[in-house]
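To keep things simple, chains are lettered A, B, C, D and E as they appear, and every chain counts its residues starting from 1.
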C-alpha cells in the first residue's frame, strides 16, 4: 500500500489537468475540474487515515474502545465537497449563457479576448 | 499556441510536477500512521461537548467558522445563478407542457417522494449523532422534491415548489448562522461559542448549538439547491434562446 | 484485510477518473462522473469517513450529473428553424 | 467479520470495474445500464460494510443510496436516452 | 467594543447584510435596496476603522467559539491585514454608490447584485483576517465564487461570460492545487493554525515535501495575484467585468494574493524547517521582475482601456512582489503604502473609464480619439490619475514607490530602476490614452484592429439611461478616491501606522506569541515611513519619464520598428500568447508550478 494512495491523488490531479488543457468543450472542462477536485478529497482522507481504526462517530461505539481516524480532515473534505458542487453549478450557469451569445462551447472558438 | 505546442508544454510541466510529487509522497508519514495530534484533540473536545459525531462537532462547533464561510458560498452561488440565468431582454418565457409518463413511473415517484423526504429529515436531525448532517440531508430533501419532475413533469414540480418562499427561507437560514454566532458572542463572550445546554450524550438534543446550526444548514442547503436547480430547469425547459425566437416566430 | 479493500477502491477511483477525463462527450462524461462519484463514496466508506461518503453520494450521484445534463440539454439544442421542426411539440412551436 | 470484508472486496474487484467498462462504452442505454448496475453493486457493498466493520451506523450509507439511486437513474433515463420532449435527431446519442 | 467582537463582526456584518438584501430586494424598491446596501457597507467601514484604531501597532486576536488556537480557528489582525480589509471596505460603499446609476436587470432580484458585492467583501475580509490555513482557503473560495458571478454579470455580451469562465476555471483549479498543498502540510505537521504550523515545521528539516507544499499553496495565491505566468486570466476578466466590480478586483482582490503569500510565508515557512529566506528572496524577486516588465510592456501595447488598466495592475503587482520578497520591515511598509494608494488610484481610473463607456459605448483609445473634449473634469481627473499611477508626489503611490525603492536599493542598487521604469511606462500608457481621448492630441489613428488585439469598441453601456451629461456623482467618486490617495501619501499618521504594522507583520515570533498565548507584545523597532529627498526626486523622475513617453507616443503614433525586428517579434509573440484560450492558460499555469518547484527545490 504505502504511498500509492497519495500518488493516486497526484495522478488524478494531473490527468484532470490533461483533460482541461486539451478540452474542446467547456462542459467537459468543467467535468474535468470536478475530477481534479476529487484528488483533494482523496489526499485529505488518505492523510487522515489510521490503520485498524474506525470512524469517529460514537452513536454506536463506546468512546475509547477502538482507535478512530482523524475527524478534522473529514470535516475539511466535507467543506470541500460543498465548495466543489457550488463552483460547478456556477460555471455551468456561465456556460449556458455563453452558448447563447457565442453559439459555441469550444474554448478554441472563443476568440473575443486576446492580445 | 497550437494544440501541439500546448500539449508539449503541458507534458513537460506535468513530468516535472509528477516527479516532485512522487518525491514529496515518500517524505510523507506512512499511509495509516498513528500520529494525528489535531484529530485526537478534536475527538476529546467533541466528547467533552457531548457530541457523538465528532465530524459534526468539528464542522459546527470546533471549526464552526469554516462552515460560516462555506454556507455563503452556496448562498452566493444561488444568488449568482439567479443573476446569471436571469431573463435577458431578447428571451422569452414559454410554459412547460404536460408530459405523458408511464403510470408505473408515476406511482414509483409518488411512493418514493415521501420516503425520500423522511430520509432527508432523518439525516439532518441525526447529524450530531450518526453520519450525516445538514448538508447531506439538505441535498436529499432537494432531490426528493425533484422526483416530482423526473417521475412526472415540470408542472407537477412547479406546483410543489413555492420559489419565493424558498428564496426567503434560504436567505433567512444563511443569516441565522451568523446570528447564532452573534448570540454566542453576546451570551458567551466569543463568536460562535456553544452556549446552549449540552444535554445528555448521544441523544437528539445533545451538543448544544450543534443541532441548531445543523438544522439551519439543512434548511439552507435544501432551499438553496431547489432554487438553484429551479434556475437551471427554467433555462432548459421554459426559456427560448434569442435565436430560436427569431426563427421560431416566423 | 481492510488494506486490500482500500487498494481496490483506490484503483477503481483512479480508473473511473481517467475514464471520465478521456470521455469527451459531455452527456457520456456525466454518466462516468456519476460512476466516479459512487466509487469515491465507496472509497470514503472504506477509509472510515461515512460523513464524507454521504456527501459524495448526494452530490456525485444526483446533483452534479443532473446539473451537467441540464446544461448539455440546453447547450446542444440548435437554433430551430420552422422547416426542420418535427411535429412533436417542440421548442419554437408553442410560443405565443 | 473477515468473510464480510472478503465479500465486499470481491464485489469491488470484479463487478465494479465491469460496470465501469459497460458505462464507459457503447450506446446510451448500455451506459445507463452500467451505471445502474454499479449503484446496485455499491448498495451491496454498503450493506456489507457495517458487518465488516461492526458499525451499524454505516447503514445510513445504504439507506441514502437506496433513495438517491432511483432518482439518479430516472434523471439519466430522461436526459440521456429519453427523447420524450426533445426530438432533434442530433440530440440522440450516436452509436460508437 | 473589544477585539474579540470586532474581528468576527468584520466578517459577519457583510454576510448578514447580504442575506438581508436578498430578502429585502423582493419587497423594497430600488432606492431602498441601495440605501440598505450602502448602510451595510458603511457599518463594515465603521467596524474596521474601530479595529484599526483599536489595535494601534499590535496583533489583535479573537478565539472563535472560545476554542484556543490548538483546537479552533483564531482570527488575527495586525494593521496590515486590518488595513487591507479596510481598503476593501472603503471601496465597497463607493462601488455600491456608483451602482445606483447602473442598469438593473429585473425587478424581482433588485438586491442580488449588491448582496453579491457584500459576499465578495466578506470573503476578502475573512481572507485578510484569518489565522488558519484551511479557513483562508474557504474564504478564498467565497471570494472566488462571488467574483465569477459578478464578472459574468453582463449576460447579453459574450465577452464577459468568456472572461468569467476562464477566470473561474483557472482560479478553481489553482485553489484545488492549494488544497493539496494544505493536505501535504497537514500530513507533515498535523496542524492548520498558521502560528502552530510554523512551530511544528521547526521540528523537521526542510525537504522536498516542505518545498512542494509551499509551491502548491502559493499557486492559488499567485494566480490571484496575477504573477507571470499565472496572470493570463486577469486582463480577460478585468476587461469585461462591470466597472464597479473592476474597481474592487483591481483595487483590492489582486493585492490580497500578494498579502496571502507574504502572510503565509512569514507565519509558516520563514522559520527553521521552512523555506530559507534566500530561496524565497531570489525566486520571488525574479517572479516580480518578470511580472513588472511583462505587465508594463503589455500595458503599453493596449488600446482597450480596461485591458490597459488591467495590465498596469499586473505590472504593479510585480513591484509589490519585489518589495515583499525583500523580507524586510521596510519593504513591507513600502508595499503596504503602495497597495493602499494604488488600490484607490486604480479604482478611480476604472470609474473614469466607466464614464467613457457609458457615454460612448466604447473604451477604445483609437476610436475615441478627441471625442471626449467636452468632458473636461473627467479628462483632468484621468490625467491626474495617470500621473499618480506613475508615482508623482504627494500621492500615496509616490510614497509607497519611494519607500519600496529605498528598501530595494539597499539590496540591489539597480532595483529602483525597475520601479521607476515600470511605473513610468504604465503611467505613460494611461496618460497617452487620456491625452488622445480628452484632448484629441496628435493625429487621429485609423482604427484597424490587429489580428492579435482586442479593441474596446462595441461594448454595451452599463448605465440606466445613456444621456449627454454623465451624472455629477460619477465624477465625484473618482475625485474622492484620488483625494484619499493624496491623503495616504501626505498624512504621516497613515504611513506611520502602516510602518508599525509592517514591524508586526515581519515578526513571526511575535505573531506566534500573540496567537497562542495573547501577551501584549511590544512593537519592535519601527521602520521609516516618511518622504525622503531621493524618494521625491525618483517620483518626479518617473512622472517626467511618463510625461515624455506619452507625449512622444501621441506625436508619433506609428511604430518605428520594422516588423521583422527581434523586439517587434517578441512583442508579437507575447501578444499571441495572451490568446484567450483556456487550455493555453492552464498549460502556462502547469509550467509556472513546475518552474517554481525547480527554483525552490534547487535552493533548499
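Here is the rule we use: a residue touches a chain if its C-beta (ideal position, glycine included) is under 8 Å from a C-beta of that chain, and two chains touch if they have at least 3 such contacts.
Just so it is clear, the structure is predicted and the values come from calculations on it, not from any experiment.
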Task: Partition of the remaining chains by touching, absent chain D - done: one piece
Open item on the list: So if I look at the partners of chain A and the partners of chain B, which chains show up in both lists?
Closed with: C, D, E
TODO: State the chain with the largest centre-to-centre distance from chain C, centres being mean CA positions.
DONE: E
- [ ] Among all other chains, pick the one whose mean CA position is farthest from the mean CA position of chain B.
- [x] E
Open item on the list: For this structure, I'd like the pair of chains sharing the most C-beta contacts.
Closed with: B-E
- [ ] With chain centres taken as the means of their Cα atoms, state the distance from chain C to chain E in Å.
- [x] 37
Task: Where chain B and chain C are represented by their mean Cα positions, the distance between them in whole Å - done: 17
Open item on the list: I'd like to verify one number: the distance from the centre of chain A to the centre of chain E, where each centre is the average of its C-alpha atoms, in whole angstrom.
Closed with: 28
Task: Centre distance in Å when chain B and chain D are each reduced to the mean of their C-alpha atoms - done: 22
- [ ] Going through chain E residue by residue, note those that touch at least 2 other chains and give them in order.
- [x] 134, 138, 141, 145, 148-149, 152, 155-156, 184, 186-187, 192, 579, 581, 583, 586-587, 590
- [ ] Could you list the positions in chain C whose residues touch two or more of the other chains?
- [x] 2-3, 25, 30, 48-51, 53-55, 57-59, 62-63, 66-67, 70-74, 77, 80, 89
- [ ] Give me the residues of chain A that touch two or more other chains.
- [x] 1, 4-5, 17-18, 21-23, 30, 39, 46-49, 51, 54-55, 57, 59-60, 68-69, 72-74, 76, 78-79, 81-83, 86-87, 89-90, 92, 94-97, 108
Open item on the list: How do the chains pair up in terms of touching? List each pair.
Closed with: A-B, A-C, A-D, A-E, B-C, B-D, B-E, C-D
TODO: Enumerate the contact residues on chain A facing chain D in the complex.
DONE: 54-55, 57, 59-61
TODO: Spell out the residues on chain C that touch chain A in their complex, using ranges where they run on.
DONE: 2-3, 6-7, 10, 13-14, 17-18, 20-22, 24-26, 29-30, 33, 36, 40, 43-44, 47-52, 55-56, 59, 63-64, 67-68, 70-72, 74-75
TODO: Using the touch definition up top, name the residues of chain A that touch chain C in the complex.
DONE: 1, 4-5, 8, 11-12, 15-16, 18-19, 23-25, 27-28, 30-32, 34-35, 38-39, 41-42, 45-46, 48-49, 51-55, 57, 68-69, 74, 77-78, 81-82, 84-85, 88-89, 92, 95-96, 99, 105
Open item on the list: Applying the document's contact rule, which stretches of chain A touch chain E when the two form their complex?
Closed with: 9, 13, 17, 20-23, 26, 29-30, 33, 36-37, 39-40, 43-44, 47, 72-73, 76, 79-80, 83, 86-87, 90-91, 94-95, 97-98, 101-102, 107-108, 110-115
Task: Contacting residues of chain B [partner chain D, same complex] - done: 97, 99-100, 105, 108-109, 112, 115-116, 119, 123, 130-132, 136, 140, 143-144, 146-147, 150-151
